[in-house]
Amino acid sequence: MSDPRVSEARGALAHHFDDLEQQHDAATLGMWVFLVTEIMFFGGLFLGYTVYRWKYPHIFADASRHLDTTIGAVNTAVLLASSLTMALAVHAAQTSRRRALVGLLLATMLLGSVFLGVKAYEYRDKYVHHLVPGVDFVYEPGARPQLQIFFLFYFFMTGMHALHMVIGIGLLGVIAALAWRGRYGADYYNPVEVTGLYWHFVDIVWIFLFPLLYLIGAHL
Amino acid sequence: MSGHIVSPKLYYGIFAALLVLTAATTGAARFDLGPMNVVIALAIAGCKALLVALFFMHVRYSKPLVWVAAASGLLWLAIMLALTLTDYYSREWFPAPRGW
Amino acid sequence: MSTAVTETPAPPLESREHYLNVHYGVKSWLLTTDHKRIALLYLVTITLFFFVGGAFAVLMRLELMTPRGDLVQAETYNKLFTMHGLIMVFFFLIPSIPAVLGNFLVPMMIGARDLAFPKLNLLSWYIFVAGGTLALVSAISGGVDTGWTFYTPYSSTYSNTHVIVMGLGVFIAGFSSILTGLNFIVTIHTMRAPGLTWFRLPLFIWSTYATSLIIILGTPVLAITIVLLALERLLRVGIFDPALGGDPILFQHMFWFYSHPAVYIMILPGMGVISELVTAFSRKRVFGYSFVAFASLAIAVLGFLVWGHHMFVSSQSVYAGLVFSVLSFMVAIPSAVKVFNWTATLYRGSISYQTPMLYAFGFIGLFTLGGLTGLFLASLAIDVHVTDTYFVVAHFHYIMVGGMVMAYLGGIHYWWPKISGRMYPEVWARFSALVIFAGFNLTFFPQFILGYLGMPRRYWAYPEEFQVLNVMSTAGASILGLGYLIPMIYLVWSMRYGRPAPDNPWRATGLEWTTPSPPPTENFDAPPIVTEEAYTYSKEEPELV
Amino acid sequence: MPSEFALFPQRASTIAGSVDALYFFLVGVSLFFTVLIFAMVFGFAIKYRRRSEEELPRPIDGSMRLEVMWTVIPFILTMVMFAWGATLYLRNSRPPDGSLEVYVVGKQWMWKLQHPEGQREINQLHVPVNVPVRLIMTSEDVIHSFFVPAFRIKQDVLPGRYTTQWFQATRPGEYHLFCAEYCGNQHSGMIGTVTVLGAVEYENWLGGGASGESMASTGERLFQQLGCSGCHRSDAAGRGPALEGVFNAPVKLETGETVIADEPYIRESILNPRAKVVVGFRPIMPTFAGQVSEESILQLIAYIKTLARADRSKR
């Protein structure tokens, strides 16, 4: 273990904790409890989606065909890659490789931005086809009003996910800046690990969003 | 520090598996298997989520408390979904059977 | 940690440094990360909201004295009961014991210097104030008239009041509650003193832990429900709008998924306080410690399975009604176990009648009545007749006002010496406790009768034959309102003129009583080592019953 | 309507007696436990009051026997309460066949009721005594709730859906009708009276009242006016399915499912025709949302119900 003087210099140990391990456990458990609240937060949206998909299975399948599956798959791969770089960043912090840590954090932010870019493109495409509920939702003569409910959930779920991505990228920016100043090392890398947990969770939410929104109508 | 250090090689392996699973679920969606489509899609998504959680989020090397936290989150989501769907699912069963 | 501490003469307050006089000035309060100061910030804010909500209640009771609505217009009355419900539920009942007593005591009871995330704790108070300000802004600029339940489609399409501003206020206050819950769970898991195993923890910690679980697992669902409601109002799109094929019942499911466990968020901390009071004032270990502890967890878990009993007549399916009814009966069992264990604790104890114990007696009695009337509402055939009537109003006021507020006042009086370093005036305190008990019963018992008679809730005007019982209820409400003012006065008075309090005025067990009154910022000079079970008052061999 | 002070509601329907019986059982059990707890608490508080400050009673850790006792006994009691309440609820939720049907439309702050014979009433309901009456209810705007305390019945009335409940009055008289689900400003004004008449008085009321044409005949007139008969022809040569004998019969949809053509199905097919298209027909029917009010939909349904009967008699 690195000698405490180094971590003291970094002001790593908060006054009310007995030792660094207790602080690490508290930080990790704190983030996991926060992720449980996020599970229930997104859970409310998944509940609404499940109820309406159960009530209108065929309409949801027709509506899902408006979404481009290949773009969704590519986007999923981009997000999985950002999870990989995030995991490697945590590893770099654990082994006190400062430059690798900063590089990997920036890579994660870049991949996240690419993901958001693709999402923005998809949103514009839906806007062009007048499929944005509340703005100018027009459904062609053959479609049914419940189509709008699918797009409500499409925009609410992917929009909420994108909002969490933006917050994640902001967080990563702060961590990258502090990492650049040498704040994190093998003895004190809690913030990097905790941000990693948050990022991986946002990735897991997308792992479920992709099949539920994009893949229902693929076989029709 | 207590955090377990995972070798990058394992991360790359997990990443490859995730890509394969993504391709699998996209491919599987092409065939019309009726209700099985949903089951397969969710099963694959579940596996991917498990991989990310166990290895990328170090749940596999964390204290049992972290397992309990993650599991309770999913359990409560299941409770919410299951009990709400008992209402929607059983709405057609009315009127009550004649025997009452 | 010997318990029979002799009465050490309390050193003069001013000379000794403690968390209140360590530094002065507004900045020292508004930027503090000391859990005790944050508890006091919460105490002030919550008392403000309690009296705002109470004012709405007084206006409602005055209006209901006469069958025809002649004090306020119908719209105003609808806003009165909505604001009364919202302010009381989200800005008094849910935060009060966890944020005030919990923040102050959790670190001290487990021998820690502070909560796990002190900065998050201060942030949670600021978020609470932000939410509260939004609620007051909504109230001042016209109020909300949808009822505290926001049922759609009225709240999303037909109401033209400030639903979104209030929704935002409740949404933000929800995150303050989440942060407090998160802080407690992490603190209780990772920062217990050496030797303090789970089964040596005071029962207040057990119930606060169970409450935090409910907060963490339930509040986010309310947050997303309010977001969906606000979006539906803003963009005129319809998730819950039947014209689009949406289902207003889905809103009720999502709302009650949180709002029923929320009533356990309100009552569980009260139960924790009562476990402490009954033990301290009969100077005996609580009867069946592990059963009472697990009853708290059982209530937290079962509390999530029962929300459908709010929707028996809402066209929820007959079979879902059966499922929720049987589960609602099961959730009553842990509460019954707790009441029996408290009563058994009194057996062969040395019971004193000091004010906190009077509140505990009141709680046990009124909570029992409240819980039993819950069984009426859980049984399907009776609920069809009494739901949405004053029977339900009486039931939840017996639990909330008769149970939770009594426990809150009991807890405030019990730990007041530790919080302020001063003793409250005993005679006035006992008098106000009796006044509150009498006023409460006169206010809410007639409402049970009104309920079964069929008087619907939220009625601005009602048929003449209900007037006598309503006048009795209004009379009770004025006594109750007066009863609440008295503690407000003498507690503030005691901050300056009260007798300086010894470190352990009740000679109770618990790590918080081993610190001086009021405690220093760091709570403990040296981290305490715990060697005994909780509540060990005497060293004799426990008697086997 | 009793205007003098009462402590217990009137019993005026068949189920009121059994609901009250369960109510008294619950009151009895609650009284028993309340008295038990109060007696024990005050008894112990007085018997074991603190004699001296130095007194330290012997600790008692607890007893498994007692804990099991006061877990199992309340559990058994609650299950008895559940079974009794659930049985009553299930029996009350099933209207007897052949009951008199009354159509209720809740609108912000009034109840509009229609009898099949054609009588229309606002905030008034005249029903014969000892005859089961089935209420088919819907709302035009927000959620209301049809509550008659004297009959111990209550059921929310939702927009976009039909909810039903039934009662059988046992004593002639006038009884309160309340709206029990908050629905806006005049929620407390949305009240009325249910008048139970003897068999003879009911016939006079039926004859004497403003008995215009029956709902079914009004429905038939609307069926022609709105042009439904253009496509829904009895000789099944029209572009829409023939409606003879369709009510409460299974209908096969283009998506492969079969559904029962009950009241909600007909209402949805009028307002949102493409939701459930019958197999073999193109989805060309225009929506009539906005052109037909809730009452006229109920009249159309009443007319379609007569088609079913007539058809069965022909076969």
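General observations
We call the chains A, B, C and D, going by the order they appear; numbering starts again at 1 in every chain.
The working rule: contacts are C-beta pairs under 8 Å (C-beta built on N, C-alpha and C of every residue); 3 or more make two chains touch, one makes a residue touch a chain.
The shown structure was predicted, so the numbers you read here are calculated from the model rather than taken from an experiment.
Compared with chain B, the chain whose C-alpha mean position is the greatest distance off is D.
Of the two interfaces, B-C and C-D, the higher number of touching C-beta pairs belongs to C-D.
The central chain here, found by comparing per-chain C-alpha centres with the mean of all protein C-alpha atoms, is C. Centre-to-centre separation between chain A and chain C, using Cα means, comes to 35 Å. Each chain gets a centre from the mean of its Cα atoms; for chain B and chain D, those two points are 40 Å apart. In chain D, the positions touching at least two other chains are 90, 93, 272, 275.
Within chain C, the positions touching two or more other chains are listed as 189, 217, 221, 243, 245, 249-250, 253, 318.
For chain A, the set of residues touching two or more other chains reads 25, 29, 33, 36, 40, 43-44, 47, 51, 55, 144-146. Of all residues in chain C, those touching chain B in their complex are 189, 213, 217, 221, 249-250, 253, 257, 304-305, 307-308, 316-320, 323-324. Residue ranges on chain D touching chain A, taken from their complex, read 255, 272, 274-275, 283. Interface of chain B with chain C (complex): residues 65, 72-73, 76, 79-80, 83-84, 86-88, 90-91, 93-94, 96.
By the touch rule above, chain B contacts chain A in their complex via residues 1-3, 5-6, 8, 11-12, 14-15, 18-19, 22-23, 25-26, 29-33, 37-38, 41-42, 44-45, 48-49, 52-53, 55-58, 62-63, 65-66, 69-70, 72-74, 76-77, 80-81, 84-85, 88-89.
Remark: chain A residues 58, 142-146 touch chain D in the complex.
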